[in-house]
Amino acid sequence: MLLAKVIGTVVASAKSARTDGLKMLILQPLDLEGSPKGSYVVAFDAVGAGDGEVVLYAAGSSARQTPATDGRPADATIFAIVDTWEVGGFVKYDKSAAG
Amino acid sequence: MLLAKVIGTVVASAKSARTDGLKMLILQPLDLEGSPKGSYVVAFDAVGAGDGEVVLYAAGSSARQTPATDGRPADATIFAIVDTWEVGGFVKYDKSAAG
Amino acid sequence: MLLAKVIGTVVASAKSARTDGLKMLILQPLDLEGSPKGSYVVAFDAVGAGDGEVVLYAAGSSARQTPATDGRPADATIFAIVDTWEVGGFVKYDKSAAG
Amino acid sequence: MLLAKVIGTVVASAKSARTDGLKMLILQPLDLEGSPKGSYVVAFDAVGAGDGEVVLYAAGSSARQTPATDGRPADATIFAIVDTWEVGGFVKYDKSAAG
Amino acid sequence: MLLAKVIGTVVASAKSARTDGLKMLILQPLDLEGSPKGSYVVAFDAVGAGDGEVVLYAAGSSARQTPATDGRPADATIFAIVDTWEVGGFVKYDKSAAG
């Protein structure tokens, strides 16, 4: 799984019925310092993430292992909103302290 | 999932029977500004996308999670035609305004 | 799925019984101009492709979605022999005109 | 599977119920000399790995093939704590000798 | 699937019970000339491959499609020991002639 920030949304009216009711969010993956790293991905949202929030997403078939995305054409799903992460004993991100 | 533009088609007569009736479209993945990014992919079409349209596709096993592609050798499937996407509050693409 | 050209074969006598009867072909992926792009892949053949032919292959679990490869350790399978492809209205490849 | 070192943890309170009870660890993949190589990954822990330990993790759907991660949105799971590895007859890592 | 050479082994005593009895080998992927290409991978062995042997391995969920790896957290499995491969009519590798 990777850390990412919610930076946008995609809207589509003509789509597979199996995606009904799912919100499609644009994610910017982050490195461990919280800086953007790599290219965007569009993910389904299984946890009610909001714009600007830092999340964890799963890719591949594991993206279908939430009640919201079971049996859906989901190759990326947000399954957690991150509170904190630490590396080597240093807190690198703390949601309560973030802007 | 990634944003992409339909740029072409592939035709094959000698093929696995499990692909019968599926249209094979050539996609050019897009970055968030709508510019080409990365290499093409050939995808099955589950939504009736047309040439030049901007779509979303799923990769891997999730590409089989549409009625059209269930049980098919599909590792990429178009599951939505994009209306709009926005990043940081700015509309980056609006189908109704696009050329 | 990607376009590729059959460029060789692999032979193995000591192998999992689940691969019995499957031909293992070496593929060179192609770009949309038909030029080699990226590294080779070894694929199982589900359509009787011959040396030098241009094919489509599926990767990942979708490579097991043909009668020939069901339940086999196949992460790449040729499922179609390409007749033509076109991009932006231009025919980029036509089997009947090739070689 | 890849060799990696546990370098941190991620904490999330708002998350899919299917991740309850799973520890999320940050891994730094290693090359065969034991040096960092490539980008971090967040993995679920199926073996009780501790900070600084060298582990093996599986990616993709195989990350769900442990009792701890079955049916979970896990695309990376630690399934072993490494004792030793050797390349070409030379021991490259020995846990009992490591700092 | 990719060609690779067995170059080492990994030993782990603290591991998921689902990996019991499986040998973990370190593979160096090869290009079509038989030279090392790309980074190592750790694979389970389903065919009794020995050190220095040239093998084929499958990645992803297909790595679980052997009797030895069914239901195991295997994202890479050796399923064949290579006898020969040829490209464009030229034999690039022949086990019986190799070192």
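First chain written, first letter: the chains are A, B, C, D and E, and each begins at residue 1.
Basically, contacts are C-beta pairs under 8 Å (C-beta built on N, C-alpha and C of every residue); 3 or more make two chains touch, one makes a residue touch a chain.
This one's a predicted model, so the numbers in the text were calculated from it and none came from an experiment.
**Q** When the centre of a chain is set as the mean of its C-alpha atoms, what distance in Å lies between subunit A and subunit D?
**A** Measuring from centre to centre gives 21 Å for this pair.
**Q** Which whole number of Å gives the spacing of the CA centres of subunit B and subunit E?
**A** 34
**Q** Among the residues of subunit E, pick out those that touch two or more other chains and give their numbers.
**A** In subunit E, residues 60-61, 63 touch at least two other chains, as defined above.
**Q** If each chain is a dot and touching chains are joined, what shape do you get: line, ring, star, complete or other?
**A** Basically the chains close up into a ring.
**Q** Could you give the sequence of chains met when travelling the ring from subunit D by way of subunit E?
**A** The chains follow each other as D, E, C, B, A, starting at subunit D and passing subunit E next.
**Q** In the complex formed with subunit B, which residues of subunit A make contact?
**A** Those in contact with subunit B are residues 7-19, 24, 26, 39-43, 60-61, 63-64, 71-76.
**Q** Which positions of subunit E touch subunit C when the two form their complex?
**A** It comes out as residues 1-3, 31-32, 37-38, 46-48, 56, 58-63, 65-67, 77, 79-88, 92.
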